[in-house]
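Here it is, the structure in full.
Chains: A, B, C and D, in written order; residue numbering restarts at 1 for each.
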Amino acid sequence: MSLSNLIKNWSSLRVKRPYEDQYKDKDYKWAMVIDLDACTGCNACTTACYAENNLPVVGREAFSKGQAMHWLRIERYWGEGEHMDKFPDHGAQFLPMMCQQCESAPCEVVCPVGATHHTPDGLNSQVYNRCIGSRYCSANCPYKVRYFNWWQYPERAWPNPLEQQLNPDVTVRSKGVMEKCTFCVQRLTEAKNRARTEGRRVADGEVTTACAQACPTSAITFGNLADDKSQVARIWERQQIKLASDKQEKDENLRGYRIFEELRTYPSVVYLERVRDSEA
Amino acid sequence: MSSSNIDRRDFLRVLGISGAAATLAGCGNTSIESGAELVESYVQPEDFVVPGVGVYYASTCTQCGSGCGIMGRVREGRILKLEGNPQSLISGGKICGLGQAGVQVHYNPDRLTTPMIREAGAFKPVSWDKAMATLTARLGSSSTLSGDQIAVLTGEISGHQKVLLGHFLESFKSANHIVYDALSPAIGQAANKAVLGVEQPVLQIDKARLILSFGNDFLGTGPSPVHMAAQYARFRKAPRGTLIQIEPRMTLTGANADRWYAIKPGTEGVFALGIAHSLLQHQEYAHAVPAEIAEALKQYDKDTVSEVTGIHADAISHIAGMLWEKSPSLVLSGPSAEGHVHGFNNAAAILLLNLVLENRGKTLQGQASHPFPQLTPASGSTTALAKLNQAMSAGQCQALLVMGANPVFTAPTFVPFASNLAKVPFKVAFATQLDETAHQCDLVLPLLSPMEDFGTHVAGYQPSGVELAIQQPLMERLYPETRGLGDILLDLLKQRQPEAYKAFPDYYAYIKTAVTKAKPVFKSKSSDDDFWEDALRNGVLRLEAPPAALEAHAATVKVGKPQALETDVNFPFFFVPSVRADLRDGRHANLPWLQESPDPLTTVVWDSWVEIHPTTAAQMQIREGDILEVQSATGSVRAKAYLFPGIQPDTVSMPLGQGHTGYGRYADGMGVNPFKIFDPMYDERTGELALYATRVIIKKTGEHARVVKDEGATNLQQGRKLVATMAADQAELAKEISRVTQ
Amino acid sequence: MSKVHTLALYNDFEEAGRTLQELKAANLPGFRMDDVAIKSPIEHPELSEMLGKRPVYVQLYTLAGAVLGSTVGFTLIASAQANFLLQIRGGRPVVPIPPDMVLTYELFILIGVLMTVVGCFIAWKLPGNRSTLYNTSISEDKIGILVKADPLVIPKINEIFSRHQPLEIMGEQGR
Amino acid sequence: MIHTTDESDIQIERRFVPKAKDISEDIAWAQINKDVLRSMERPRLMYWVIFLASLALFSFGVYCEVYQYQTGLGVADLENPQVWGLYIATFIFWIGMSHSGTLLSAILHIMHADWRKPIYRFAEAMTTFSLMTAGLFVLVHLGRVWEFYYVVAYPNERWVWPNFNSPLVWDATAIGTYLTSSIVFLYFGMIPDLAICRDNAKGFRKKFYWFLSLGWQGTDRQWANFRVAYLTIACFLIPLAVSVHSIVATDFAVSQQPGWHITSFPPYFVAGALYSGCAAIITLFIVLRYVFRFEAYMTMPILDKTCRLTFAIAMVWTYLNLIEYASVWYGNDEYAKQTLIFRATGTYAPYWWAMNFLGSIVPFALAFKSLRNHLPTMMVVSLLLNLGMWLERFMIVTPTFAHGYYPWTWTGDWWPSWVQWGIVAGSFGWFSMLFMLFCKIFPTVSMYEVKEMVYHRFMARKARA
């Protein structure tokens, strides 16, 4: 009965993730590293995302109104101050930005119906069936990586026979629901199920996201942070990034950082600083 | 390819039967249980088709000429997604956006589904029998055409399609295979040939410690972008290489440079020679060039060079110093340096630097010789089109077959291709989708998409050894009334030379025979069938071969007086077209993913725009979104202004590829076509069209519209730490863990 | 023998007040002051006082409602959360106190208000029959005095009524 | 009950009550009934003009909403990150509007401010209807409005609950509570008046009022319980009203966005709510006074008091508004400061300055007695104040989206589409249509309380005499 459950488990119900961890899946915590020095801004990852996740092409009209549905967008910043006199002397600054799968996600707290919540393997999930489209999550997302279905895209975006390309593993979202990068959860689930039937943990490199898979420069590394030997865990460790920290104490010459860490969102994506030869 | 097209109704029927069987089983012994009857599924899934499980098949990407190996994810008989094939050295298991969009060629809603014949000015769908009858009436056994009366116009083409085309033309005693590439690298290739002895050397980007690139966009639109991006990633790992890019308008590669210089268009050769001059002051380089060149180079002192090129004089000695310091280096020339009246000279001057710096054999190598030269690609040029245009104009051409080229769209206005095309009495287009050129043809034959057809491809750029890439169908054909190019050619050849081709019932048989015949070259000991199966499974046949040596002909580099650019009062701006890595010359504008994929540098989608430097825009009081008229001597186009800091201030730039008028719902009406305002300027040496030599004037129209782009109201980080940058001497890259270096 | 009603209408509170005083003083058998009711267009506390102490218990319902609202509210919310562990929110405990307090507060008010109304309805004895002796002018500006008494004393009461210039005296018919 | 007036009375009155009288004590009670009940009969032409105009506006709003429902929210030109637009801004506006009804009827009731009596009924009706309008905006705004009930914690087989952490769930609970309570309060306080209606109506209307008046006969027991219950509900309503708008403020203050994440938001919102509500009362006061010929009840001294109250609240709002700017300006949050600067200098600067002018400068018109007593001026001023308060809500919602944490998604020139404007206009139509219907069906002036007021004044005069 619920009341007895409440009283019996009171102390465990008061534990906060990630810093007082309780509900953590011991085996999995998905995370990512993006090397901005390797990223060339070529858009291979974004197209891969469109192909894998059934993202609708919204068309010129909707795009001009800011209604694009790119879960993964490549931002291009110009330098400021000393980095930009008359010309962008040190090139453009590209930033692939997708859902950071925050461990303490601002979006999760404010969703009225709990359509977005945290999974035990560390994803910030979005339950389309539950979403009523209040868009509060998007309003509260510091990264603005949530995309709302302003139109009934299933009727608009895939004229016959384009709909045959749709990935059957991924829901096609109707109008009125929010969506965002899922770290290709359909791939993760499949890999986890496969590993579970074989009685093991998903091996490093066994599963990856569509963006990481496509990236011609391998700038994106994806993997399981709970597995100490995984590529991602090793990079995080070498970069001295701790998941449950809002201010990393790390060596100065390490490139790893997380965006808006000071907001205590505890993102799961580490970016490695772009490197430029200052003598060139 | 074993695939079955389970449609949903069939699938439900299977479920229905097994459900019924389960019900019956509950009621005692049925005829099935007693073994008197057997239940058989309505649908027999073919091998490897398991409902709900994705299967991967290897194939080859045909979106550009790089010949990347790809894997297609197939589920329930449908191709869903393309990924890189790790077996292919070219793709290395990776894939670019353009390649991914290949599935949209296949599933494009505007695809041709039946043959069409022009009757009374309009296309009418006809049956294949009728279409083939029309075709063979002109080009079949009874055809009297020969020699120059027939021509085949294609884009870059390689492998057995190319061979069959050649045979087809031979049967007419013709060699009129015109390979047209609107963005042809022919000038650069000619310079390579002249200076290094090969048309396309292999670049060892990862081995270089410094790359000096004059407008070479190897990351975006180069000969093999995916392969070079992987090399670039290794180049950036410890010991980290430095990239310096010099170009009038920033390319994707320029955007990734450590240092980017804006140069006046066409003065790249002067700048290169200025560096050469500076380098020659080091004793060790002194012997690298003939004495007369060394003498001529003395005119290229840094102040003169600086004045001509618009780059600060200190930069020259600085770059020279870095080249001297960081060896081996790699100096590259690119389209924006080559597309000028003196483009060949520019390219040669740039290549001279490689000779001075002794990069031959270190970062520059020759391609391994190919065992099947007949399969190697015929690379395209614009001169070929000019020749065809003349022939058509003179009424010599009686029949024209077009595939993979769209000159009605890409030919400049001074090449009146469309009107000359009308003079050809019989024009046949082979296409998956109608484009502007196909619209002008008399007969249109719908081709299988690359996801439905067999083929072999040989990339023009072979990074190491030799690869023969195999293309196989990834699913059954979508439309029964479509056919492969190989099959059509084979049918035609059977009409003309029945004896030679009777052994091949179809193109599949032809290609299988041809590939298995090559077995000894690949030193395979397996049976023919196994060899073929392996080839299909791997998607690529690899042959390791040593790189060829490069020659050095420094003397061919002409070093004249450094000449400043003439100014044209009527057309004060240089016009630099930009080539988008996804749309290229416009052939991919029909793919919605690519249209919606923001241009990496401006983030504009679905449109054309005019890039103009903010200082110039401020002088002219131009704001973003103002509609500008860009007028050259031959024509004008209108597009929205986009303020772009990565451009030389006397230059404006527009992207190519948009402005279609007959290429389906995703391409039509999007932007404008700058091909139509090119000036008739040609490279002196090769006669190629000089794409970067146009001069324009900009007029404000007073109209304004919102630029459709992903970028928001700011393109700065506004004090946030979004993209952080670290100085190279600070970062300890060697201690880092990385996937690339492993 | 059941009691019957009689009603007198007066022009103002003063006359009604004098009538009440006389009724009280008369001390008639079979008549209790508790059976007297004033019907008036506005509340008149002075007159009501003459009728003796008539306590109001509505506040008790309010209290019960408020307590019920807050305790049951919190328990329901917290136990619902405790049973829906699937819905973890990063950085927050499963049962967070501040949000639950906000909701508890609202339920405290909601149930409090509703119970107050219910209490008032109970005090009004709703739904129930009430005396048919009523004049629409009471809702306008007249004061009515309704007496429930033994039929035997009714004439005497009416007599007291008529001593103070009533506008009208109404009796129940057929008793 | 007929009272006569003579010279001496007036003399005394002048001596003891130097200020103008809120209401004349000489109005006969029957006259009060007659005057108020008349408002439920044939109204002036202006009534029909207002009603039909509201109906037309409302119909257009319905058309827009149907179009948006069918096509998707894209027709509203909402985008990422401008995800809320006018809907949420107007939602706050209507929620705010609802607060003055509570102020007049509950707070002033407890404080025994008699002058509220002729005007509190319509103010309460305004509370109820503006809450209903606000509720509509929640629905209009949802992407999948047909699933709106997911927000409600209803028992279900799968034990799926809403997210109680979300301020939107607090909102839903608070607004639900407030709407229920204010309907109860409005209805409960109207029962004696409904009995009057019952006594004067014929036919089906009699039946209707008979049912609604719950057998009210004005007995002393009914009155005593009624008083206690009414007072209790009034006591509940005051903290409830404060909590409702505080919770609406937490929609913003609890979120993390620059420009929203401000501790002073709840009091700021409450002050703004009372402010716009009072301004709306002035507007409706003037409208009702004219349309239903309520000059004898909605008197100039009452308007004068309302205006003074409004002025006081306007100054409280101004103070809290400045506090908000100051706390951001002197705070250490660079991002919030950027957003503030954007508000004052960016795309929406004209609206921001207009909002500050209308909210803080225009109310000084209320400080002048001659202006306070000039009805046309007050009409214009009250409408301007409400425009200012609507702009305030717009300036809370929009600039933070346009200039939030993430520069890449900053929008320079976002502007709502006609569909949004249509729905906002429709909401005003819906509100005034409901309000006008209410005025025709229910007594807009509390008859029994006006009688009390008249009686107390009359007795006071008598005592003095």
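The rule is simple: contacts are C-beta pairs under 8 Å (C-beta built on N, C-alpha and C of every residue); 3 or more make two chains touch, one makes a residue touch a chain.
The structure displayed is predicted, hence computed values, not measured ones.
J.: Could you quickly compare B-D and A-D and let me know which has more C-beta contacts?
T.: So, comparing the two chain pairs, more contacts are at A-D.
J.: Measuring from the mean of all protein Cα atoms shown, which chain centre lies nearest?
T.: A
J.: With chain centres taken as the means of their Cα atoms, state the distance from subunit A to subunit C in Å.
T.: Computed value for the inter-centroid distance: 62 Å.
J.: Taking each chain's centre as the mean of its CA atoms, how far is subunit A from subunit D in angstrom?
T.: Distance between chain centres, rounded to whole Å: 44 Å.
J.: Take the average of all CA coordinates in subunit B, do the same for subunit C, and state the distance between these two points in whole angstrom.
T.: Computed from C-alpha means, the inter-chain centre distance equals 89 Å.
J.: Mark out which residues of subunit A touch at least two other chains, giving numbers and ranges.
T.: Where subunit A meets two or more other chains at a single residue, that happens at 68, 73, 75, 77, 109, 114, 117, 260.
J.: What parts of subunit D, by residue number, touch at least two of the other chains?
T.: 160-161, 163, 165-166, 169, 405-406, 408-409, 411
J.: Give the residues of subunit B that touch two or more other chains, as numbers and ranges in rising order.
T.: 706, 711, 716-717, 720, 722, in rising order.
J.: Spell out the part of subunit C that touches subunit A in their complex, as residue ranges.
T.: 75, 78-95
J.: Spell out the residues on subunit D that touch subunit C in their complex, using ranges where they run on.
T.: On the subunit D side, the touching residues are 1, 28-30, 33, 153, 159-161, 163-166, 169-170, 173-174, 176-177, 180-181, 184-185, 188, 192, 195-196, 198-200, 214-215, 217-229, 232-233, 236-237, 239-240, 243, 247, 250, 448, 451-452, 455.
J.: In the complex, go through subunit B and note every residue touching subunit D.
T.: 706, 711-714, 716-720, 722
J.: Considering the complex alone, what residue numbers of subunit D touch subunit B?
T.: That would be residues 334-335, 338, 402-403, 405-413 of subunit D.
J.: Quick check: in the complex, which residue numbers of subunit D touch subunit A?
T.: Residues in contact with subunit A: 71-74, 77-84, 141-145, 147-148, 150-151, 160-163, 165-169, 172, 251, 254-257, 401, 404-406, 408-409, 411, 414.
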